[in-house]
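Just so it is clear, A, B, C and D label the chains in written order, and each chain counts residues from 1 on its own.
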């Protein structure tokens, strides 16, 4: 059992996870000077979706989506469960791949990607085996070490802040609605947190919504600052604007290149995301097949993820193209369609069962 | 497999991983610290020549007070190739250690390369994750090869020497601005603005000298580098120069804050004023469909340099201030007109229009025919150590 | 890529053997299923003909779309 | 066995049997006392373990003028114990043997058919002395001794409270050592006391010669570098912890007392903190924290920075580092590793060395290994500095066993740093945090009050708030958790 606060922090970090690294430049590319508005409405949408999930989990308390699927559809639920398992693995692999891409491009160009994957999987596996509390507490302890340096650096960077970069504002307010895949990633992926949801002591719903809201806020704030620091022209073109921002920060004349430290610290965000996803996948396996052992399945998952992370996409360009094409459909299927159907069938069944009792 | 065995297995696996090679590992004495980079491109053959100044670590042990004797503080390598990347890798024909670009302090680019256009170079350096773009970019007047092979006295590392000079010039003469880094050039040009970057040149030389000779030579004006003047950049191309006087005006008009000394005609003679620019604001309004840009400049000046005249009464002071306002405004106007005559939009009127009135049909047209009104406001702050000047005969004629 | 097999094969085989020895057959089945799928992916990488999941899903979704539409 | 003992009577044969069964050792005394009733009372004891004054002045005299045996001793009396004469010979003999080797005096009164065991134990041993491993400037200079009786006294002296409980038990089938469980009945949570008791009772071993034997049996997790029980030889520290409702375990024959449960941040607090001004104590506590991080991370960060992320190092520093490394044969990773190992060797040797030689050794270590190695260009000066710093910081932590675990961690992190630079260090750190948050000591999360957070305890974690600001007689979060259960 984890506390409300821990769940809230998990939500925030999970949502920020890879977003800060991967999506920023695309957001700015599309939204130009008004880019900072896009995360806001995407977040609003995400909260709507979250409401649906909460409704679903409230309908049969203490059960995770997978268990609900079995309750709703019996054996067919197993298939749904497997679908979810694959989906979690997919996103997890994606997160892993983001780490290695990022590290390879920025500070460790020669290290083979799989090394990053394996190291992270080892640690994540160990953490997941220790159970839910460990995940919650780990995240709780790590968070200040993420928040503090990150925002300090952004504050320090504001020495070359320039309002001109954000002008003219509100040129094409509707342009920002074009980037639909932002709804899927990161916001719909937070569905993975619903595997943790039943483990929260109380008030998980509020924590989830609040977490999504504050995550959306902070993404938009980051986009805003990045735009104001690099200007839309550069930020839209640079692959990892965050990296450039921290790279150009200078503490006096002495400490000029602190980016590697910050990068390595920020990577932890992605680790948290991976952690939750691995946990979700692991839980799914457990709830579907009720195995007795823990380690072997994490080992298997690690093998699967480490492989999937390599083949998830061939090159960044293909990733961008396909991402735009499939993400939204893929996520909507898992996080809107199936839950809605489950909710529907549950309601129907309850209605049918309750009728004879009324007699 | 018990938990203990598991742990053992995990440890073994880790060690096995450790035994394999460590990919990004490189010892610091297998590195060459690049402190200054130079770029040249031959217009005819289109061959790039890249110069790198690599710090000689043997001279670095200066903390113990033993600056590496007669060794050169830096070594200059040059390599050329059809493309920058080729040139970069060609270095390893000469360079025994891996390049480390993170510590590069400044980038020089030869005038002819700048005039051909440096977009490709900018892209290249932005592509390299280890090449920071937050370092100043300077145009080299004359042969870059010579500049790259020139020692600087006192500050033994030329890059440091140049950078600290830029700072000093900004603080005391306003002949160098703040926005002269690669990233600024990129950003400004991408916004279709113009930007002026400093020019560096080698001073007259007395034969070929080594570092020891340079440090032994008393005349520090020779055999070293001089930073003076500005190169006007538009669309990644150098389109012209600004002389030092104009450079000050340019920086004042673009809102750089700093001190400078200027000599104005006054009562037949002249008056030298030590000025400090306080604030600059551009306002845009429209008169019968034509944009009018109002530029208000505020300065503080001190009597510290005013050896010719010292106002005693308030209305004398007011007169002086009004005079300065009017004269300075005149100078600024003439400067602006001169540059606009050349078709240079140094005041970034166009992007002002773009910001304030984004959907103009033809911003360039509007920018070119926008009217510019400059008003200057000077105030006396700060004093020298004289309450009234000695007024014996025998001043400057 | 014999290296890959040298690392993965023992991992999977030994673990499975241990599970069987402990008479956890259900576990063995699950473990085998997941780890072998991972092994398959690795093999595809090793053989130089990687299965690009992204493209795969893309195709699946297109197929589904066409089914729904047509 | 049974057959051989048949027909033997306690009165006549017991004394001789004991003598033979102990192999008639030189220190076995078997006296026959003549009471004025002309009865013969046999008195048997090991004279190396007993207090002769008690025997002469109390037992012998009282027996001789018949004052002794009149009143049968109350049962459950620790000091005088009566054995029934009618019990089977075999069992009686066993008990008597046990009693004799435990330093009791055996009185056999054949006529009155009484067999009394009188505790006259007084083993040779050290007197109360300054604690060796955790000395303080301000505060008591007394430390526990090897004699458990004295130790009990040292605790009682500090806690004059009727609800202070001592539970004695004997562990070790061969050594039969006395282990004592100490707690405040009104403060210590019942669950905790029961847990400790059951874990102690569950120990199956042949000998317990030091409290670490017990520790290894009762700690929650074996595979961890961190101590999950606090060991101290300071009575005041023990008393303080007892008053926080914790349970202490004493073992006869060692000055080290175990205290459970232990949380991570208690490792950074020393009794001295509470004897000094709050602000100073806080400052020192921060120094300890910093030096903990230095001791664990400094060498690994150095390796990472110099072999992976040179851009981190300011240019000037980098130049001078490079200058130092010119011509150094080893890679920085091996350099640091080597120096660390050498340092550990020197330290270990320093412990074993007799005091006089220790001086010489430290000089050799410092001058020869530091100076000479640098001048010979085998090691770069920076590495020596780093190793020295970590070595010193390692001694700041007030708990010795924790210092050990730091050394272990340090080497792991150096390995990781040499392997993947900062990323490796990050992974190691995350692993460490995961391990710490999952660790429990007697059901108490190791990182309380940080995770799970309980804010009102923070005033005694990273700071030491002045006593008036702390809530009076509030137990620490760890204990409160247990009480809640």
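Quick note on the criterion: contacts are C-beta pairs under 8 Å (C-beta built on N, C-alpha and C of every residue); 3 or more make two chains touch, one makes a residue touch a chain.
All figures in this text were calculated on a predicted structure; none of them were measured in a lab.
Which chains, if any, touch chain B and chain C both?
A
Report the chain ID whose CA centroid sits closest to the centroid of the full protein CA set.
Chain A is the most central one.
Any chance you could check whether A-B or B-D wins on number of contacting C-beta pairs?
By the number of C-beta pairs in contact, the winner is B-D.
Averaging over Cα atoms per chain, report the distance between chain C and chain D in Å.
51
Approximately how many whole Å separate the CA-defined centres of chain A and chain B?
43
What whole-number Å value describes the gap between the mean CA coordinates of chain B and chain D?
67
Calculate how many whole Å lie between the centre of chain A and the centre of chain C, each centre taken as the average of the chain's C-alpha atoms.
Averaging C-alpha atoms per chain gives centres 24 Å apart.
Find every residue in chain B that makes contact with two or more other chains and list them.
Chain B, residues with two or more chain partners: 14, 17, 24, 102-103.
In chain D, which residues are in touch with two or more of the other chains?
Residues 308, 311, 315, 420-421.
Which positions in chain A touch two or more other chains at once?
Residues 107-108, 111, 115, 122, 256-257.
What residues on chain A touch chain D, complex-wise?
So the residues of chain A in touch with chain D come to 3, 5, 103, 107-108, 111, 115-116, 119-120, 122-123, 126-127, 130-131, 133-134, 137-138, 140-142, 254-261, 264-265, 267-268, 271.
Give every residue of chain C touching chain A within the complex, in rising order.
8, 11-12, 15, 18-19, 22, 24, 26-27, 29-31, 34-35, 37-39, 41-42, 44-45, 50-55, 57-58, 61, 65
Provide the residue numbers of chain B that touch chain D in the complex, in ascending order.
Touch list, chain B to chain D: 3-4, 7, 14, 17-18, 22, 24-29, 31, 33, 35, 55, 57-58, 60-63, 100, 102-103, 105, 130.
With touch defined as at the start, can you tell me which chain A residues reach chain C in the complex?
90, 93, 285, 289-293, 296-297, 299-301, 303-308, 310-314, 318-319, 322-323, 325-326, 329-330
Report the residues of chain D in contact with chain A in the complex, numbered from low to high.
308-309, 311-312, 314-315, 420-427, 430-431, 433-435, 437-438, 445, 447, 450-453
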